[in-house]
Amino acid sequence: MGDMASAYTPEEPAVHPTLSQVVSAMESLWPLGLQEGWDASGIVAGRPEQIIQRIHWAVDPVQVVANEAVASGADLVITHHPLFLRPVTSMAASTFKGKVLHTLVEQSCALITAHTNADSAVGGVSDVLAEILGLENTVPLAAAQDGLTEEGIGRVGTLPSAMRLEEFATRVYGALPAVAGGVRVAGDPDGIVSKVAITGGAGDSLFEYVRDHEADVYITADLRHHPASEAREQAMMGSDRPYLIDVSHFASEWLWLPAGANALERALADEGFSITSAVSAINTDPWDFILTSGDNATTTHDETD
Amino acid sequence: MGDMASAYTPEEPAVHPTLSQVVSAMESLWPLGLQEGWDASGIVAGRPEQIIQRIHWAVDPVQVVANEAVASGADLVITHHPLFLRPVTSMAASTFKGKVLHTLVEQSCALITAHTNADSAVGGVSDVLAEILGLENTVPLAAAQDGLTEEGIGRVGTLPSAMRLEEFATRVYGALPAVAGGVRVAGDPDGIVSKVAITGGAGDSLFEYVRDHEADVYITADLRHHPASEAREQAMMGSDRPYLIDVSHFASEWLWLPAGANALERALADEGFSITSAVSAINTDPWDFILTSGDNATTTHDETD
Amino acid sequence: MGDMASAYTPEEPAVHPTLSQVVSAMESLWPLGLQEGWDASGIVAGRPEQIIQRIHWAVDPVQVVANEAVASGADLVITHHPLFLRPVTSMAASTFKGKVLHTLVEQSCALITAHTNADSAVGGVSDVLAEILGLENTVPLAAAQDGLTEEGIGRVGTLPSAMRLEEFATRVYGALPAVAGGVRVAGDPDGIVSKVAITGGAGDSLFEYVRDHEADVYITADLRHHPASEAREQAMMGSDRPYLIDVSHFASEWLWLPAGANALERALADEGFSITSAVSAINTDPWDFILTSGDNATTTHDETD
Amino acid sequence: MGDMASAYTPEEPAVHPTLSQVVSAMESLWPLGLQEGWDASGIVAGRPEQIIQRIHWAVDPVQVVANEAVASGADLVITHHPLFLRPVTSMAASTFKGKVLHTLVEQSCALITAHTNADSAVGGVSDVLAEILGLENTVPLAAAQDGLTEEGIGRVGTLPSAMRLEEFATRVYGALPAVAGGVRVAGDPDGIVSKVAITGGAGDSLFEYVRDHEADVYITADLRHHPASEAREQAMMGSDRPYLIDVSHFASEWLWLPAGANALERALADEGFSITSAVSAINTDPWDFILTSGDNATTTHDETD
Amino acid sequence: MGDMASAYTPEEPAVHPTLSQVVSAMESLWPLGLQEGWDASGIVAGRPEQIIQRIHWAVDPVQVVANEAVASGADLVITHHPLFLRPVTSMAASTFKGKVLHTLVEQSCALITAHTNADSAVGGVSDVLAEILGLENTVPLAAAQDGLTEEGIGRVGTLPSAMRLEEFATRVYGALPAVAGGVRVAGDPDGIVSKVAITGGAGDSLFEYVRDHEADVYITADLRHHPASEAREQAMMGSDRPYLIDVSHFASEWLWLPAGANALERALADEGFSITSAVSAINTDPWDFILTSGDNATTTHDETD
Amino acid sequence: MGDMASAYTPEEPAVHPTLSQVVSAMESLWPLGLQEGWDASGIVAGRPEQIIQRIHWAVDPVQVVANEAVASGADLVITHHPLFLRPVTSMAASTFKGKVLHTLVEQSCALITAHTNADSAVGGVSDVLAEILGLENTVPLAAAQDGLTEEGIGRVGTLPSAMRLEEFATRVYGALPAVAGGVRVAGDPDGIVSKVAITGGAGDSLFEYVRDHEADVYITADLRHHPASEAREQAMMGSDRPYLIDVSHFASEWLWLPAGANALERALADEGFSITSAVSAINTDPWDFILTSGDNATTTHDETD
């Protein structure tokens, strides 16, 4: 999946920011106040005064990503998912999370998470997804309680022109980095869709909002049997909408990384600071291969190749 | 998916059981005392004194299944999933669950659920899955707290001969009814597997048991990004096991229906009662089609066709 | 208690409402938003599209009431008490509540509850009680938190002229349908009362409000030893008020049924719909007979005879 | 109700016990370990070393009882109901409970409660009730968890010969001290009863036990509309039993006082101590008069007169 | 510690207040609405109508204080600490708290607590401490949620001129009544302090407020190892402030008693009432003696002698 | 406090253990199963495979201790107190705890906590304290629920010969490392003590056990006003015992460090491993100096000098 690699090489001025200065720039883009109450975004490791020259971006703070970052000489890893969403009292390297932490701290590489704050913010994960899919007149799916009206989890918008569900699903498939599991769809392939709701990552708690917005189709990840089945049963009480498109959790969030890296570079440049960014080339979707019949499957040329 | 249909046509004696007598026979096979504390198995609708001639079996108590049952003249529907797992104060037909209830009660068709009690019992969902996959020396994955040593959620057993993960995954794929989403695998296709853990339905809360049994591979359904990713990261701290095989929730439980129908017919026959059984031919997996690249996918001839 | 029967026979135009249209009319009279957080008012059974010609009104959704409704050809039963105040996962007819549900649904008879929303609304249970007792300048005993100032549980008002407690209790007795248990009174029979607080049904959680309003007497139902004893002990610290009048829970709420039926008929007529109403003639107070000495009892001619 | 007065006048030896010694004797009769987890039995006020000559017994620790005790020169009041079931941080005499405490402590009169421990113990409230009604082969209705098999809340036993419900209710009425509210009965007056369950005080949480024992009739107090109605509906699913007899909470517990006083006198005498006992002549049932029709009421000669 | 005794001897007019009238005067000074949610201030014992001639003030409602009060002929004890902070169901004199209550009630001596309401009010415990230490421009450390801006727990203010920590600690030591444990200090003796935060009693839950106010030193009581150690570690991440001064819980609150007694006398005098006040001469700090090395200890002449 | 330094210099064989091997040896001495449910003992940082040559022991994992350890070339710090008793999701060095972690991990120095497991174990903190004070026939103060009878929090034992409280307090003072705050005592200096209860660290939750053992004196740390005052009030209801001796939390636990280091060296030597131990020379008691009057204070020659 080398196609997922992304390298930014701005001309390098003399001044690099400290970790604290990077944190400040991130706060202006993805304020921590936007994160959900159960989230754990923000700085996880690193000394505030250390100099940051090279930032490594990834979805998951897993061991191969930590190895990749350290090998590339990165001073800071920014991931979408928190390393410690559940709080801990031990970082021993005998645990897989503690080992990641040791890999980074031993090499003086810091770690920051931008999770639901980046989902919610303007220009964040949800906005990038909506833009890539060409949605117009987007509004948040679930508005932030204490934020701007443009902030909140997920987005809802309309397609420039309505199309068949199968056609739209093919567009979604083509927009995402390729993973083994592909894209699953529930609904009539010939049903016409115009209004689209999306949530990067796992969005099965947001069906009420999808129905309130009367979206024709809902794109999200990690849909299990019961939430998907109940959502479809309820849809069939009325217009048969929303249809469902279940994508890779990893893939749906990966799309934001280049945009996020770009935004942070610009925010730091505005302060007179220079950094180098890299987006991890590693696919951290956990699935390695899939077996399907040809009956209901569409083998699609991977457009990101 | 007509291949999933199953029709039992024993010679029909004169005596049919009441609903109460069916409940008693089911209690001997899948005792309600084996269900989990949060479950809602047992009789959902029906009059205890009504005569049961025809039983309709299905995984999900959804509207098309209720319609199918009533159209076929069934007196009783037995499903694996509860209609009301979360308790309710209204059965109004303006809700999709209430509509299912009205469809059945208006036509005097009863409804019984056999869920985690059937998962746990000897000869239940887990045992049928293990038998179909050819596992030997099976024991429960998580032993029942107040049951026999053979009872409990999931099963662990060994293959008669070790094989490559990809080969085993193909066997799993072939054993299950075909659904759009196929079978996803995490792990080295060439890794050798011998000890197998399985849980019908969603089993992501049982990873500790899988590790305690030192299974080489774990087959279950509804695995989301984070549980799967964390299980794989922890596996990589050691022998890289367990590998993961994520199957359709519906498909993994459908396999039990013919065996369950058969067992109940025999139990009733032992009491001198005759009934007719049918297994629903409807695929209630929520996904209708899938898009995949050919890169990591194996298009397999559907052996159940 | 045939005297409790009530038959409305408006001339019958051609247009009957659907169940959904009846629900809308009820919402305008007794909005569900007024119900208490623990209540379960609203539609319990029925198909939204079914035609409603005949409505049967009762306090309690018990089996004899369901039998009566079905025998009379009713399409809808409206009760004051919920069938399922505690939520359930089974409606099996082997339970007494499930049997009521089967009786109704098998005969396509719907069921709606109007409980604490009808207690609280203008023209609801409390207002009808106050009006029958001749109270003036009534205000809610406990004002609704998010409603109009006229809405809330219970009512407080003044009698046109003050009278002896015993005389007032006799008036209360005469206003209520006759039940075996009669009306119990705590206080000096010769004490003069002018300000009256009432709560239909069980009102022992509202003593603070009664004291805040400085009511002379409190009429409610289901007063047990400790709440009554403590209320009287506290009263004796001051003016010996409020006195207590404990009436039949059933009787106190039955009074609303004719008024409720009348109001709903008019609300539907305003929309151009015609229905027939009947108020159940069955006394569902659980007590069948009483034994008392003549010492403290007043045998009163039953004025409703 | 002077008939309720009871005066014990044993010959008075020289030795009186201390409060601590009375507590020890009570512990041997009604151990505190038998009380329910939510109860607050035991010593409420008094100095352990004070000499106890005269003990005053009552059901309720209300102001008139405290006045009566102090006026009679009592050193100790023993009540069935706790003064402070809900714990408090203030005993100010501006509250009615604090005023009772001041009345007693200012006059050096101690206060002890024997509540659910006395309900449960052998020879306690439940046993006295069963004996007065002539029950045979009695066992606890709900056995004590950590006690003897003879201990527990309520009792179940059989009548020497079966009789009509109305006849039995008349016997119950006659056995209890007269109160305004009388005795209410639910069930067929001509139904035959043989097995009887009783709970002194409020017993509506024990219906499951009553059904498990297959009692024909259940005598208890403070039955409200919903528990009584639901118990009767459930009864009508089968044999129409148990019938219900709702008695005065006060009256059902008052019966124990003379027996309790007698038992304590004997227990103290065994230790060489002498005391004088008196049972309060005050009716603390909160109801002063009742209004009933003659239709369903039986005016009974008060046999305790 | 006779130096702590304080006797107010205003000329005695003829009119003494009732307990209710004293309560009203206290409400105007230290409103109960200012107390914390977990507190139990207000009247604990006494009859509202009793006449109050002599009031005894103390920090702790312990037995020796009750004895002292009764021996001195007091009608009312006012303490800072509640007798029953945790609610109780028994006041038996076999418990040490019940014995205090019996001592007082038997001698008709009332008891009132003024705790966190007196901490928070203007002119309360915190204000008196701040004034004695000479703080200027004081504001509450943690502002009251529903009170005036001058009300709240603790105070922060500045010294007229900055001084060394050791010098300031010596001033604190000299201002407090002498107790065995002395005054402990954490910080550089030569560090300069200007901004001072204080909380009478135990203030270890308020460190966040101390840091928000950027106080140089925090004076409070009952600081344990972990809160003190963590506060110092956090201080060392920056300016090494706040330093900590740990004083006797008793001593820090005793200072308010003479001021409180004076304020209440004046408030009652404004209503035309006369009382006599006395402040207890008993040191109720639990520690009797201390052993220290001379190395880090400063033996100071007790200025209050 | 150089006197607290302790250097072990066994002859150094060639074989050093890994961190995992040190953990195993510690488990044999202070099993993690003995820790309290709220505790967080065990490995906090470090790689299981790293070689441990030098171990640094301290009570508190504070910054100066981490600096000292790293400067001395230690591979492992063992502390009594956990770094993260409350779990965290961030170890950023902008927090004082995260900074300690960075200091250690950056220099490949591991961290292990032995807290309530070391309090409870045989030969642990409590046993060392008891031995130093010369107690005989010691048993646990609160026996471990699932451990040996010799295990549990605290110890109770008897002095070889009874002595005056003041004399015993002087012995306690002399046995502990000198800290600014000294040793506070509540009780009659001339009272005779024989049975002694001790708990290292904060033991104010264990008063019930102290009373059950009928100890004459209780030695613990961090006693605040209310627990100490209530314990003394309750003592005065009887024999005036237990007296209280409040020592430095740090000092009471420091005593265990040399014994713990010694035990671990021996346990590792039994496995053929060699390490070097050092006990931190830093006093981490938070208090720097104290001010006392001479009245109740005893200035004692510091015997550990």
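A few points about this structure:
Order of writing sets the labels: A, B, C, D, E and F. Residues in every chain begin at 1.
Here is the rule we use: contacts are C-beta pairs under 8 Å (C-beta built on N, C-alpha and C of every residue); 3 or more make two chains touch, one makes a residue touch a chain.
Since this is a predicted model, take the numbers as computed values, not measurements.
Shared contact partners of subunit B and subunit C are absent; no chain touches both. Separating the centre of subunit A from that of subunit F, both taken as means of CA atoms, is a distance of 48 Å. Separating the CA-averaged centres of subunit B and subunit E is a span of 68 Å.
Subunit C and subunit E have Cα centroids separated by 56 Å. Chain contacts: subunit C has residues 99 touching two or more partner chains. Chain contact topology: the protein chains form a single closed ring, every chain touching exactly two others. Subunit B meets subunit A in the complex at residues 60, 62-63, 81, 94-96, 99, 166, 169-170, 173, 178-189, 201-202, 221-226, 228-234, 236-237, 244, 246, 248-250, 284-302. Interface residues of subunit C facing subunit B in the complex, by the touch rule stated above, are 20, 40, 42-48, 82, 84-94, 98-99, 101-102, 105-106, 108.
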